[in-house]
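When the chains are written out, they are named A, B, C and D in that same order, and each has its own residue count from 1.
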Amino acid sequence: MDWAPTEMAKLGWGLVGGGEGSFFGPVHRMAAALDGRFELAAGAFSSDPANNRRSGHALGLAAGRIYDSFAEMARAEAARLDLVTIATPNHLHFAAAKAFLEAGIAVLCEKPMTLDLAEAEALRDLVARSGRPFVLAHTYTGYPMVRRARDLAASGALGTIHVVQVEYAQDWLAGAAFSKQAAWRIDPARSGAGGGLGDIGTHAFNLAVYVTGLTPRALCADIDHFGEGRVLDDNAHCLLRFDGGAKGMLWCSQVAIGRKNALTLRVYGSEGGLEWSQEDPERLTLSQLGGPTTILQKTDGRLPVGHPEGFIEALGQLYRDLAQVLTGGSPAAPLPGAEDGVAGLRFVEAAVRSAGGWVDL
Amino acid sequence: MDWAPTEMAKLGWGLVGGGEGSFFGPVHRMAAALDGRFELAAGAFSSDPANNRRSGHALGLAAGRIYDSFAEMARAEAARLDLVTIATPNHLHFAAAKAFLEAGIAVLCEKPMTLDLAEAEALRDLVARSGRPFVLAHTYTGYPMVRRARDLAASGALGTIHVVQVEYAQDWLAGAAFSKQAAWRIDPARSGAGGGLGDIGTHAFNLAVYVTGLTPRALCADIDHFGEGRVLDDNAHCLLRFDGGAKGMLWCSQVAIGRKNALTLRVYGSEGGLEWSQEDPERLTLSQLGGPTTILQKTDGRLPVGHPEGFIEALGQLYRDLAQVLTGGSPAAPLPGAEDGVAGLRFVEAAVRSAGGWVDL
Amino acid sequence: MDWAPTEMAKLGWGLVGGGEGSFFGPVHRMAAALDGRFELAAGAFSSDPANNRRSGHALGLAAGRIYDSFAEMARAEAARLDLVTIATPNHLHFAAAKAFLEAGIAVLCEKPMTLDLAEAEALRDLVARSGRPFVLAHTYTGYPMVRRARDLAASGALGTIHVVQVEYAQDWLAGAAFSKQAAWRIDPARSGAGGGLGDIGTHAFNLAVYVTGLTPRALCADIDHFGEGRVLDDNAHCLLRFDGGAKGMLWCSQVAIGRKNALTLRVYGSEGGLEWSQEDPERLTLSQLGGPTTILQKTDGRLPVGHPEGFIEALGQLYRDLAQVLTGGSPAAPLPGAEDGVAGLRFVEAAVRSAGGWVDL
Amino acid sequence: MDWAPTEMAKLGWGLVGGGEGSFFGPVHRMAAALDGRFELAAGAFSSDPANNRRSGHALGLAAGRIYDSFAEMARAEAARLDLVTIATPNHLHFAAAKAFLEAGIAVLCEKPMTLDLAEAEALRDLVARSGRPFVLAHTYTGYPMVRRARDLAASGALGTIHVVQVEYAQDWLAGAAFSKQAAWRIDPARSGAGGGLGDIGTHAFNLAVYVTGLTPRALCADIDHFGEGRVLDDNAHCLLRFDGGAKGMLWCSQVAIGRKNALTLRVYGSEGGLEWSQEDPERLTLSQLGGPTTILQKTDGRLPVGHPEGFIEALGQLYRDLAQVLTGGSPAAPLPGAEDGVAGLRFVEAAVRSAGGWVDL
């Protein structure tokens, strides 16, 4: 727990996407608000002009800083914003990120980073040239116990890592009825080649890599769509091979009835094993060779142990770290960036291309 | 989940207590920030003038709205603030609440409401005369599944309630070393007659009453201090009797090694039973006579099911409800108020007085 | 895990009660059979002669060793049996135990030991005079992790014990319909002064004492019967005081809807805390002051860790220990005996007499 | 719970393998003893003559029925035994089973059924010709909640099954030190082509098929040995394809530090999902599309709900079912047999042969 805020003026923050009816718009606003470091100053919230206006007004913005397009926003806000969050459907990520980076504004971008791998590689290069901070919204890397897991793995507590089991199971696309939030996620033109692979598989993949520090080398995937009238995957099974010989499995599903947002990572090495589950994020199980199993709990969260923190606080940690970076400091832990975004798209496209065979990553 | 914010201007908010080094200051700031309805406009953060200034500056307040005392703040801000949160040690609650209510400002007050019962009753009357909203910070009543539990009990899903088991166990006062945050909590002059009874026992007592709707009639308590050099209780065992014949137990402890913030409520009636635990707040277990046990999960939180919300969001719900009230609306569920504060102090004093005998509530 | 059996001839074993339709008859038979040390050689299974005959035949006994009464059985089998298990309703325990002890036969007796305290004290004296082994069927003391908990407490891992929370909650007497197995348990003439107190409260009480080694000094109880048409308690709440200053709570209920056989013990001392639950008997949670929480698992069960053992194996452990005793060896851990039976009846009668006041134990 | 035993004479039972120092010998003896239907009458317990003699004497057998070899035992006991259990290392299963079947004796055989697929097919044909009952010791199929899961799947409660996730993780082969029980399991000459694949992978594979009723069509496996000085797999990852389009994953590991005997099955269909875990065998989680998640508990075990049954009782159920079959009755649920044994070996060999490619099953 830290008492926290600094004397600095608030950082200017813009939001692209996230208008009325979106899931992640409010989440980003709550997360950004937690530490009081950012002030929403501008936005282009929806491709629907009426929604966009209503959303901006509701958020207290003056009409002049509510933009009909991110392109217009990037031009007008070039000198003014410190950070823009991109929370649109996937097909707009690239162009929006490009616009803001070129306007000299740091970007926090939803995942998957872009519609396809080619865009991802181009964006990575753009980020490098821009010199601006770019963070990919792999929210789960903001959980205290995920960072603790990463530290444990890096410290050698697990020995040489042999086995990585990661899965992300949901059920919100089971059955036939879909919300507006589902519509673009099952449309290849807006989602990209991956359905669940892009939406949640990239989280699972990133989490495994973030915690273990391993380099994935190849995958073999079997992907399916079990829901009716769907063309993108809603279930994917992957075997993974890592440099150095570790092996793994990744399962992502949006039709696993009873599973809500069950992102779970288990890592086993020569000296120990650890397990973490997003729906119980404050605990981390650590087992040691020949020793007992210990339940680790947070020692350095926003709140004391036993006072649950959740998803908003995890995303809020990425905003806190970004505020540090934007004011000349360092993040408390490494942040997922453009290279991770490339890796994510490479994962998605490899899984789609695999058709049950091995594909290099 | 709701998209939420309104077009209204932000509400002016003040904070008393909660300066550098406090636990609850940052929590209130994060909770109040979540929905963007409140803007911190003034404060008196610490009885230590230097801490007070530093805290105010760090929070971005102009020097003119950082006050050396809550009395001065109440006078100066009488026409300006919509809400003041009182997060001082207990002995200051009464005077501070009085000052702001008399200045026409709504109050969110930490618990226990006052130092003793006499003060509590006086404050209750003051609240009634003031006509201003007054909410007691029983944060746990803001959890979606606590409200769901209350609705279930009220709907008759449990039948006639027979048994109420509530407990709140921590271990942060086990052993000899104490933080600054512990110092005033174990000092009768600042904490009141109850140690753990006031600090966490009142939460447990309130939770039981809030969910069940029962009226407690009497208690029989055995209270102890097991930690060294302590005069106030750090462990209390109570038998409870409710109007209508239900019986209960309440245990609160701050020396239960291994328990972090384990507030748990279990209620059993003629038709069903339910169980909820604060450290796993997103689930509620409901069992029905002759039927199965089901795990209920939130359907109406800020986030979709499976995306954990925690303590900050629970307190944020009280702020959201207060914003509704302050702008002419209604809270989403009943809020704990001055009458509950009186009940809490009555509970504390009865437990202290009991010495193992029955005392009316 | 141990490979186990010895070369000795099987021990002769008799069963009183436990005929067709009983719950505990089959359990005792399965438990006694596990290690192959006992052979059922005689029985008086039911007060209903037809049931008795059918039961005996079904169990493969010759007609001559199926007895219409335990008195007759004790006379006839005096020279022949090594052990008799008494699994009748409570009101017959005393006379049956007396008969077999006087016939020189060791006894394993269901709990509560007798119908009332006077009988219990008389039986304790009889046991002492007889010199025969007498074990009370507190099955839970046979679980490996209960014995481990006892060892931990005795070794000082918890420091000075301050708080003991024990509960035993079931729901099989909720609602109006009862099985035959319930009939005698709610009848004072056959059950004694306690309903749930005798049936499960004595287990909880014994478990707390067995693990902690503490001596209970007094209790204060509030007992109720919430089920319709009942005269004996089906819910009891007790405060406990132990020699040396430890405090505790005991809750036993047979109307806690959703709880099946939830015997749970939690013990907290100056140096650590431990928790064990009968429905998850293979794990024991140990927390240490300033240290982590570890999950202990069996190292010395019949099976390797991860292969669940349960209730039958726990009772089987008592039979295994008895076999050791009957063949000149020692039990692997202390066994509950007549003194514990006296303590149990003292507990029941004190709780019934308490009426909310303190009663010495 | 059922009261149970019949009037019949005990069935004559023999044991091959399971001498001093074995893990499964005592387990079979305890399981067979539970219902009192079998009496150990003969055995060939060890290839070490001294061990064999000691074991037989310790179990109370007359010298004449302790055999130096199973071949001799099969000849001598041809007319006398009802059932023989084969609990030797894998390489002896075929010859032993053949000998007893040809002697007209029913067989309960440990898994994997034989050393290789060719033997398995030959044994399947032998079983068919013999007309004798043959059961494979897939102990987990004896758990009440596994049978309940099978019934639920068969009843359509899950709709069309889409996804099957099964895993069996242990850690007893992590690190360098091995017990005698490990020695033969890591020796290809005695274990066969699969290490963990045969020892626990076949259990996982069988469980998935037993519960879902699906027919596996192909697998793609990545197998490894991470332990030092090992030639057989101690970790295997498999993708599975079933007739009808369902997909699955199977993971078996003996080096997953912290996992003891974690056999877990999760099945998701168009209408529901279910989850079961061997280390918590008394509960089954059932979720329905658009409905809540329910915790199912046993209604028809040996003991009432809340009284844990475990591994011995599960194996005891196979013995109980066999007793029914041997006395002209029917098992309470389908029993795993020779065809399942063939499927198991086909699975092992396919996984070994796969080398990361797809292999038909």
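Criterion: a residue touches a chain if its C-beta (ideal position, glycine included) is under 8 Å from a C-beta of that chain, and two chains touch if they have at least 3 such contacts.
This structure is a prediction, so every number in the text was calculated from the model and none was measured.
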Between B-D and B-C, which chain pair is linked by the larger number of C-beta contacts? B-C
If every chain is reduced to the average of its C-alpha atoms, which one ends up farthest from subunit D? B
Computed distance of Cα centres, subunit D from subunit C, in Å: 34
Calculate how many whole Å lie between the centre of subunit B and the centre of subunit D, each centre taken as the average of the chain's C-alpha atoms. 54
Which integer distance in Å separates the CA centroid of subunit B from that of subunit C? 43
Subunit A, residues touching no fewer than two other chains: 259, 293, 297
Can you tell me which positions in subunit B touch subunit D when the two form their complex? 292-297
Residues of subunit D touching subunit C in the complex: 1-7, 9-10, 20-23, 25-27, 29-30, 33-36, 40, 57-60, 170, 172, 259-262, 278-282, 297, 302-313
Quick check on the complex: what are the subunit D residues that touch subunit A? 162-163, 165, 167, 171, 174-175, 220, 222, 224, 226, 235, 237, 239, 241, 245, 247-249, 251, 253, 255-259, 266, 268-275, 285-290, 293, 356-358
